[in-house]
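The letters A, B, C and D name the chains in turn, as written, and every chain counts its residues from 1.
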Amino acid sequence: MEQTAQSKSRYGMVIDLDRCTGCGVCMVACAVENNVAPAEQKATERTGVTWLRVYPVSNGEGFPANDTVFIPMTCQQCGNHTPCVSVCPQNAVEVDPSTGIVGQIPQRCLGCRYCMTACPYHARYFDWWDPQWPEGTEVLLNPDVAPRMRGVAEKCNFCHGRLHAARTKAAAAGRKEIAAGDYVPACVESCPSRAIVFGDLADETNEVSRLSHSINTFQFLPKLGTAPKIFYHSAKEWVRKMADRAPLA
Amino acid sequence: MFPFIYEFHWTPVHVVFLGIFFSVVIVILSTLSIALLRSYKAFRKQQHETIQWEAEFEDLPVAARTCRHQITGEIAQRTCNHEFDCRSCAVHPTFLAQRAPVLAPAGKEESVFGFTMPLDRYYHRGHTWVKYEGEGVYTVGLDDFGKRMIGTPDAVELPAVGTTLTANGTGWMLKKERAALRILSPIEGVVVQTGTAQDGWFLKVRGREPIVETRHLLRGEEIKPWIMRELERLQAAVSPEGVGVSLADGGELVQDMWKQAPQVDWDGVWGEMFLQA
Amino acid sequence: MNITRRELLTFAGGSILGALFTPIPWKLLDDSAIWTQNWSLIPRLPRGPETFTFTGCTLCPGGCAVKARRVNGHPVSLVGVAGHSLSNGILCPMGIAGHHLAYHPLRLRRPFAFTGKGADSPLVPSTLDEIASNLAPMLKDIRSSSSRGTIAVLDQRPGRVLSDLYRKFVSNFPGGIYAVAPGSEDPTLTTLRALCNTTEGTLGYDLENTRVILSFGAPLVDGWSTPGRTVQLLQNRNQNGLKLIQVEGVQSRTALQADTWLPIMPGTEAALALAIGGVIVRQNLFPAKIEKTSPDFRTYKTLVSKFEPEDVAAVCGIPSSVISETAHALASNPSVVMSGYDPAGGPLDNATETVIAGLNVLLGNIGRTGGISLHAPIPSPGATTSPAVGLAQVPDHSVRLLLIDGAESGHTYPLSLLKRKLTADGGTVVMLSPYLSSRSALADYLVPSPAAFESLEEISTPPGARRSSFALSLPLLKQPDTTVDPATLLAKLAGASGLPSVGAETVESCLRQRTHDIWLSKRGTLATPTGSSQTPVMAMASEEELWKGLSEGGWWVDNMQDKQVNPRLTLLGLMTPDRYDKASAPALDTTGTLKLIPFGWRNATMTASVAPVLSKLFQESHLRSLGGRVHINPSTLAANALSDGAYVKISTHSGNMTAQAVADPSVIPGVIHAIVGPSPNNTASKDRPEAEGILGLCAVRDDGSWRITEATIAKA
Amino acid sequence: MDRQFIPRSVQRSSFARFAAWILPWILLLGLGLYAMYLCLAEGLNQTNMDNRFAFGLWIYLDLTVIALGAGAFFTGFLLYILRREELKAVINSAVVLGLICYSGAVAVLMVDVGQPLRAWFTFWHPNTHSMLTEVTFCLTCYLTVLAIEYVPVVLKNRKLRQIPRFLVFEFELHKVMPVFAGIGTFLSFFHQGSLGGLYGVLVGRPFAFREVLGIWPSTFYLFILSAAAVGPSFVLLTTWLVQKLSGKQLVKPEVLRFLGKVSGWMLIVYVLLKTVDTLYWINHTAPAEGAPAYTFYTSPGFGTWILFAEIILLGLLPAIMLLSKRLRERPAVLVSAAFLACCGIVMNRFVMTIQTLALPTLPFDQMMSYVPSWQEIATFLAIVAYGVVLYSLSFRYMTLFPQERDIRQ
């Protein structure tokens, strides 16, 4: 099993659910940044490709006691026993030891979808259709991210194109380390309520590192032992209780 | 898998895992190659006749593989495991030592359950006979039992003069209806002359040695129980269709069983009686 | 040296064997397997130099600043401009994919005419000249006499230079009407202007200094004015002390973020507003001068006396204590009361809007810090001869020729509202639009206007802004030759009808004119896009310097002092107290009739109005409901023997339609919360656009509102 | 007209009757091939699988079919390695069944993956931690072995054996068959196990996850056992079915009884270990992952009856039926028990594949449902049809049951 505990950087996020208004801009920004094609006509919420997906979750009460929280769910970048990495038969999923980011190599993917069954966060998506952009939109694609072909799995990689750009920039400036401000994933950048804090969890001085240890911060499915690097924060007790609950319990 | 391509990393697990995998692949491939090589060699060495008999014998019903000593009642039950080649059988000599059947003098004809089975010759379990003609030449023919089962064959394919025959290998081919029957050669040797059905014999064979080994062939008092046994087998083979060719009850034996009961699956019956799968 | 064949073969064999021990053949094998999957369906990525352009989003009047990343000249991504004073670096989901809209499958790529008004009449390609010559006789006829109906222009985004051009154009025709579309202006401010009896200046909210906002359904965090403004104010509540009280019958995204959510039974907002007013009046929580300066204070006092919190609580479902607390919160802080103009549900009815606006008067919010200010509009040549009227105020059956502007307010309205303004024969409708939309069902001529980011446009003062502002939206995409500049269309029509020129022939020349006016006025300052530096217009050497600054994405903001508000403010305006008689009656109907309330999300109310990639929100997740679905409280569903996901038939006086029901506990029982638009991926019909849907079922009242319609549901 | 190809001395129906039997299956096969073409040409959107139900009918059937096909390896193991000569009577049939099951499963897998042309990447960039790598490696090897084992059966065809080269090759191949049987057993142990491990390693799916014993999760061993238990039962069942369909006795009753006995012993061991495993999972593994086991059985349709049915009704019961000599002697009981055992494996594989995916993992998830599309069903039916066609052809033209000639009908 790949261990990333020793990796130099551990990029992660803390998402403040109390700030999230569920507007969805992160989902659109993510799709635009990562060249995720618009839905095929017949695609549904179960067959679509959304590297980042915001789930509206209700507290289950009736009107008006009902309360809804919006939970942005993306690849949790598991830091331990990364479920998708160990199952891929042909190493199409790899953890970058220098960043802790779980990467997907679509060109090597066979499309067996084993990784998708392995991921408890449903953060992996399959290209059920050939990706198709409306005619003419090809020129608007992000040149830093290769579009995926039909029949492969894909997922969030913390905007790999941006990491690459930040590294190039650092290299051009003769620096070894990338500047924190140079590497910001599209969802973080676009969030109107600034609900997502991104950075290196390994850096103790970092805000994200501090927030990840703060009160009312939690992870989803922590008992699986996968050590996700996406943290959530909510002052609402029912949200934290919900996150701690077993499904169907 | 090859190092350096797309950052493939080797770990000890890979070595173990791939080691096992490739061992399996190598075992499969080498075993297959061995089988191929051996069959190629066997084919080159003209062993296919022997092999064919061995293979066919393997597939014969148990009833067709009964040891001759069980037929004669010398032993309660024994299935032959030497492809009817008593020459290599370890058990056969012990029986011979107790009581060896002998050939009758020439010209002695005997009617066994209505079949004309001269006792001056050897019989092969595939219904051929062998008669020593002197000077190392043996005559080979189809016995009366065999003749009556087939009647008149549509065609007979005899080996060319000079062909080497193997004991239990193909003697000649008979064609009748849609069935192609392989008549087993009772002895080994070189064909020196071919005959016809009218001649009463089909082949004259010269053995490599003046005297050819005939230990595996039936003779003398073995014939009667053998024919008895063959009649039972014939009866069993034919009976699913319920046709009475059964003649052991003293009735008149028909000359051409095929003509008598064309509805019988003769192909299967012949195959069974002429020892081929 | 002699090379034998054997040696040659050995060499070749050895080479092959050797090559097998290099990565080359293996990599080739690998790559070719990958290559087999990279068929033409996977687009080639653009390559080229990377540049950044500052521009502004024109999808709605919010006018957010945009920083576009361009590769080889093509925009590949848009982000908000961090540090921008008005939009605070925030873009909404529509804006972030705005550059894709030009390639929408329903994009109009040339002028078209419909051969008839029927639903099955096909689109016939046409030309601008053909359209102009077809319309010429009618234009001439209207000019000579308006007896058979007149000409009207419907402006979806008033306040632009182009708007001035439209006004000037229609003023050349007798009875010519310049109408503004529903949703293009803030309803509370529009109503307030009537209460103030002022036509001077523009009203705006001083939200930055407000402490309490009482919002009757205004989608403050989900598509209200410039999103960056409100979202940031609300996110910084622990610093600025702002409190948001949201009055809404559905737990909307704004209600979720509000400090207090008052779950009100829709239709009883007027009663609540009057009850709050009553508490304020009874407990003397209003500034003393109001009693003297408001001519109808007595009338108002009599009116609100009928609305005791206890009685109203029973009607609208808000406890009387909460009503009282709300009144106190409003009176003891700088506060603003505003109404919601739903992007699909439209305004509340006129009477309700009046009492909501009137609360501001009663609280003395007008002209006070943290309240509502009156400020100068953008410098303009003036001389606008036709007054602006709301579409609802246009007399029915008076419009013979209607020209619909291509800009969008992001709001929609029932077509019947538009239809009844047209003459009995259906009139003639010329529609400027980048896309085929449900509205084009009315059109006789479709004129393709430039899509977002295709042409030079302006960002004028957003509705509700504190100060006038002006910026340019610089094109990012190449405009197709077949699209028509609205100013050019006007010039063509003027030419065809024998009118003298109405002014500039392109939008660009209009914008140059406005820049010129601003420079002449010497007002305001020009900020660089990121706010790093600000230059007063006064300090500018030339008009060209201002234009250059604007062309680089700069932002002009006015610095004029607030204007004085007319002290004689009315509380009810022209609204008579008897209009509120019904408001005190219990509104809860138990006969099984439900309230059908259309609901939309700004810019996402029509088929073609969102980029296909927005399918991520509507089609590929449950984050936003697809158009055509109806959200109903589970208890209401159960009461009607329906289940979640069932297809239901919704019937009103206007007709019926089938929709999919979604059990949603955030909707108040008794209400059909009907989602209007979009279906981001619906490209099925390219001829006549699809039926109007839910909006077609809505009853439009005399005051032009269609918020609530009585409806019944049954299993489809 | 095809008498020339039919083995001597066996009774086969007329060609017309055979054609009438085979034709509907061929048509079904054709339909399935069209469905497969659709999936390959249009993409997997032709299926009703989705991101949540990423594995569907196909994987479920692959697992089931491979478990049932285990009869080939286990019969081979008993015959060639443990020298239970009586199994000679069914070995050919078992090999054909195995070949059908495995080749069918591999064919469906090739349609099931999104990029079949890249299937060989598994050999090229193998992830040795992945159970699927083990499965792929073993499956390809074992399919080769099965094909090699099938070659002698084909070459023994009456017409083909007249070609001396074939005959000689068949003879030589037959001699090395124990090697292949050994390899096959070795491979089968691994891939049957790996198929179990496939789900057992899913740490993110508390319903399927099992503790690791040695280097594999417990399901690895349970799958081997269950496959070995049910393989003989399936051979028994098919033999009985073929006997019924052809109206002939093909093997001696003792052979079937022996198969039943073997199956019974394996099954009882399996049921015992499965019970231990389930108890450990309920009391330790699942709660430790934050999902108390009862939560898996709260959804309607997926109650605890599943556990009872899987372990008691379709496990313990047939095991007892097969182990009791008195009950085993009665053909109806023997066949029913074999049928129940086969149902047990069908159920177990269903629970492991479908229920695992239907169950939510995130706290706010709901139970998922999935109904396969016609393309998925047709593809599956094509494999059934292919199996029937290949088996029918083999039965008609090859000697699947050598005892048939010995048994006088």
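One rule holds in what follows: a residue touches a chain if its C-beta (ideal position, glycine included) is under 8 Å from a C-beta of that chain, and two chains touch if they have at least 3 such contacts.
Everything numeric here is computed off the predicted structure, so don't read it as measured data.
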Chain centre (avg CA) closest to assembly CA average -> A
Chain pair showing more contacts of the two, A-D and B-D: A-D
Of all other chains, the one whose Cα centre sits farthest from chain B: C
CA centroids of chain B and chain D: separation to the nearest Å works out as 40
Whole-angstrom distance, CA centroid of chain C to CA centroid of chain D, is 61
With centres defined as the mean C-alpha position, give me the chain B-chain C separation in Å. 97
List, in ascending order, every residue of chain C touching at least 2 other chains. 26, 30, 34, 37
For chain D, give me the residues that contact two or more of the other chains. 115, 118, 121, 124-126, 129, 133
Multi-chain contact sites of chain A, meaning residues that touch two or more partners: 40, 44, 47-48, 55, 91, 108, 130, 149-151
Residues of chain D defined as touching chain A within the complex: 43-45, 49-55, 112-116, 118-119, 121-122, 124-127, 129-133, 136, 198, 201-206, 288-292, 295-296, 298-299, 356-357, 359-365, 367
Help me check something: in the complex, which residues belonging to chain D touch chain B? 3-4, 7-11, 123-126, 128-129, 133, 137, 141, 144-145, 148, 156, 158, 161-162, 164-165, 167-176, 179-180, 183, 186-187, 399, 402, 405-406, 408-409
In the complex, chain C touches chain A at residues 34, 37-39, 41-48, 71-72, 74-80, 90-93, 96-97, 99-100, 102-105, 221-222, 227-228, 231, 235, 251, 253, 256-257, 261, 263, 611-617, 619-624, 633-635, 665-669, 680-681, 683-684
Listed in rising order, chain B residues that touch chain D in their complex are 1, 6, 8, 11, 13-14, 16-18, 21, 24-25, 27-28, 31-32, 34-36, 38-39, 42-43, 47-48, 51-52, 54-55, 59, 61-63, 178, 180, 236-237, 239-240, 265, 267-269, 271-272, 276-277
Show me the residue ranges of chain A that touch chain C in the complex, using the header's touch definition. 19, 21-25, 27-33, 35-36, 38-41, 43-45, 47-50, 53-56, 58, 60-64, 66-68, 70, 107-108, 130-143, 146-151, 186, 189-190, 192-194
